[in-house]
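Think of it as A, B, C and D in the order they're written, each chain with its own count starting at 1.
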Amino acid sequence: MKSFIEYIVSIFKGVWTLLIGMKVTGKYVFTPWKHVTHQYPENRDTLVMFERFRGEVIMPHDANNEHKCTGCGICELNCPNGSIEIITKSIVTPEGKKKRLIDQHIYHLGMCTLCNLCVKACPTGAIVMGQNFEHAVWDRAKLTKVLNQPGSKISEGVKE
Amino acid sequence: MTNDELKTVLTERFPAAEIKQGFQYVEMIVKAEDLHETAVQLKQTDEFYFDYLICLTGIDYPENMGITYHLESVKHRHVMVLKVRTTDRVNPAIDTVSDVWITAKYHEREVYDLLGVHFNNHTDLRRLFLEDGWGFPLRKDYVDEVRIVER
Amino acid sequence: MSEIREVIVKTDRLATDKYQVNMGPQHPSTHGVLRLLVTLEGEKVLNVQPHTGYIHSGIEKMCEAITYPQIIHLTDRMDYLSAHMSNEAVALCVENALQIEVPDRVKYIRTIMDELTRLASHQLWWCVYGMDLGALTTFFYGLRDRELILDIFEETCGARMTVSYNTPGGLMFDIHPNFQKRVKDYIKYFKTKLPEYDKLLTGNVIMRERTEGIGYLTLEDAIDFGVTGPSGRASGFSSDVRKHQPYSAYPLVKFNEILDHRCDSLARYEVRILEMWESISIIEQLIDNIPEGDYALKMKGVLKLPEGEFYQRVETARGEFGVFIVSDGKKNPYRIKFRSPGFSNLFALNNMAKGHKIADLVAIMSTLDLIIPDIDR
Amino acid sequence: MAFNIYDFTTLTHDIHVGLAESFSPFLATTIEWVIVGVVYLLFVALFGLFLVYAERKVCAAFQQRLGPTRVGPWGIFQTIADFIKLLMKELIMPRKADWFLYNLAPFIVIIASFLAIAVLPFAPGLQALDFDIGVFYLTAVSSVGVIGILLAGWSSNNKFSLIGAMRSGAQILSYELSVSLSLLTMVVFAGTMQFSAIVEGQRDAWFIFSGHIPAIIAFVIFLIAGTAETNRGPFDLAEAESELVAGFHTEYSGIKFAMFFLAEYINLFIVSAVAATVFLGGWMPLHFGNFESFNHVMDFIPPVIWFFMKVLTVIFIIMWFKWTFPRLRVDQILTLEWKYLLPINLVNILLMALVVLTKFHF
């Protein structure tokens, strides 16, 4: 008899726990406007990434097409994956001094793990992390980028 | 037991072994032939009772192959490092401790896989991660011109 | 007579037939690319043999070629759910070897981040566990709450999962001005959601039937196999590194090590649920008291560790994570070994799943909370 | 042709008379068959698609998501797009599969669902087959589907499929008992097996109200067993995704997979429709004793709408089960049936017999 009562009680207890679970999900199903989905491509205009978000390495240029990169190569040294290559060129200044300048700051986005070490190491703050995260391209070669724009030069006042 | 006490007791117990205070833990270097016996004693003696093998690392030193065991006693909460070395770098072989700590069975398989150290009496010594016929990548003389790009 | 015997022989042959099934590497419940070679008799599991290496990436070998600050970003990729703890392990190991003491602010922030990571990891575990049991809705509730933690990470660290927030000697950035407020808001929010987890799954009679007494792992076996973390603690194995070898700000906070002696799947489940409460309490103790100061020490451009061997243990969401650095005085390690909790935990699976049904195998594997890159490295 | 939304008897009768006048009796019957077949096919396909869409939206609401939004407004054409995709997919067959059985299985499964749908009364006069053993026929043909599932699992030569099929076999055979017994309880109460008569008997009060306690118990048992019979969560262990990848239909692709998929939803509809018909009064409007005005307002809603409202409510409850509960293990599912549902059911039939004998009902 005792086991029979236990049997009946176990049925009601089990059903009760199930009903509690259904109450939790029921609370959500009847408030469907409280959804948490972000509709990504639709909300592109209003989507603001956090300022520290690491999407890619970029080199900001100002209005005169000037950047701050001296071509020192510290970022290249600090990169764990070899995704940065610095190509420098030697020019002769009007004063007759020989000077090394950045020719191309090559950045392989496909190899980059976005660890922020290059940005942290850069002595002049020439490179920063950009917020763009839509990197899909059809051709892998497009992931190799030249960060300094053509014809750009180093801005005045950046100490070398 | 604190490190100092442990060191004293270990010195008494294993006179043949080389015992020193390492950076954090007491380190004991035993000969390869004494390893299994030492391991059994370390686990079963009540004052040590090292029942938890934290980590088993194979290291390719310049002259020899070494295995480092990090041991902890759950009962006494002391930690020590047991080391064993073999000078044979071509076909290194060391006794297994997998019958003492079961977890060593799989750590040893990993060491065998990556360093090519053979463990005597191991019941199931197969490669763990890599394919058969692959080299031993954690050895310092490992060359792989295709996959490793030097900078 | 002979006919009868023939029939008996035939049915006999039908009756006892073992067969092997490959679960994985592309199986929905192996959480990645683990392959289990399961020997079955009907639905009963006779033997489970894990085959690893499908996502072996040679991180230990790669680390031998790069410098210490660079190693940190590779540790993100091992146990991606406890990325911050793995980062911290390397940073602590290097700091210990160099014998430098980081500012208190760094310690506090690291600890808060640790616990947030643990919360996020346990939430993901919870939702995946529900899914492995067949309750698909838990998956979305868990992710919903985890997403907010990842937002906090993104705001402060710049990345959601592979945070790379630690550097030897401190942190990559200072915390974001919004950080404290956001964390407090989150804790307030999550305190209302965590009881819901209990209502939805913990109390559920089906879930209890599925887990009670399933996947028994004795204390001796847990220690022998080195099963640490919540899985080990559910067997009574007191293995919390935060308690036994405290690091960062853990000596300063009060918290309980959750121990359970029931040793089954339900115990492993409940230990994790209770650990979430503990994490909340740790965060609450620290979040208002973050001291002012530097967020990082000024370190040399090239870090060189003294010659020697250094070992650092931390507690990740899955168990004890160890970094063993053998240094020969150069700027990169001579040998680095990561003692990953998943590796040791995985191989106890055979011991636990033997004799249970195939559905239990999935449930047991899920309670171990395996992350495959953590195993393969 | 007199079209009346409240009663389709005249409409069907007019069609029959019209056909019989223009054609020979044999041809007329054939044309009627074809018309009925096409109508049912269309209904099943469209309602199946609607159910898939509804399931996705309901499930999304449970999980605080939005569900499909891209194809058409609110994603209403999503399932149609999915169906077109499935139609165009390559049919892959494992090399060592049993060719004949492998291709036969999906048809058996879907034919079984079609057979069962024939006896359901959608509205007065809107019923393909109305014969005196309707309930008996329904329980008989609805269990034919398990043969298809077993064949599918066995013939695809995949161990996961085989395990799934065996689980499904054990499960459906067991739960068939509970479904039949709970229906039997109501047959005892109604005193007939004919669906139209069962609905007619609920003109004053639905059976779940007039049969009070035993009817409610039977309803709950029918819901549980019906969920199990349709292989839906929490009893979806035949296709347990986290354990068996996709169970018995792991190896099926394209349109054959679509047939299994559709059959699952038709079965869901059938179970809900039977529950609605036997317990909730089918197409009968909600009537309360002597509230004449209220009853009159209820009568104003067409019977077809009543029927589908009830069916969709039951379907929603079954979906609620699926999106809340974890899955049972195979031994627990059998324990639930043999140790809980079956004894309760047997006692319940006795109780119902007592209720009927003592006329202790409304």
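The working rule: a contact is a pair of C-beta atoms (placed from the backbone, for glycine too) under 8 Å apart; a residue touches a chain by one contact, two chains touch by 3 or more.
Because the structure is predicted, anything quoted here is derived from the model rather than measured.
Removing chain C from consideration leaves the other chains in the touching groups A, D | B.
Greatest Cα centroid separation from chain C: this falls to D. Chain pair with the larger contact count among C-D and A-C is C-D, by C-beta pairs in contact. Centre to centre, using the average C-alpha position, chain A and chain B are separated by 41 Å. One finds 44 Å separating the Cα centroids of chain C and chain D. The centroid of the Cα atoms in chain A and the matching centroid in chain C are 25 Å apart.
Centroids built from CA atoms put chain D at 64 Å from chain B. The multi-chain contact residues of chain A, meaning those touching 2 or more other chains, are 18, 21, 24-25, 36. Chain C has residues 137, 144, 200-201, 204, 206 in contact with two or more other chains.
Shared interface positions of chain B, i.e. residues touching 2 or more other chains, are given as 151. Here the touching chains pair up as A-C, A-D, B-C, C-D.
Within the complex, the chain A residues that touch chain D are 11, 18, 21-22, 24-26, 28-29, 32, 34-37, 39. For chain B in complex with chain C, the residues that touch the partner chain are 22-25, 27, 51-55, 57, 59-60, 68, 70, 74, 77, 81, 101-103, 105-107, 110, 114, 127-130, 137-138, 151. The touching residues of chain C, counted against chain B in their complex, run 52-53, 56, 58, 60-61, 65, 96-97, 221, 223-226, 237-239, 244, 308-311, 313, 320, 322, 324, 326, 334-335, 337, 339, 343-344, 347, 376.
Residues 59, 62-65, 159-160, 163, 167, 233-234, 236-237, 240-245, 323-332 of chain D are the ones that touch chain C when the two sit in their complex.
Of all residues in chain C, those touching chain A in their complex are 66, 69-70, 72-74, 77, 137, 144, 147, 151, 154-159, 162, 164, 167, 172-173, 176, 196, 199-201, 203-206.
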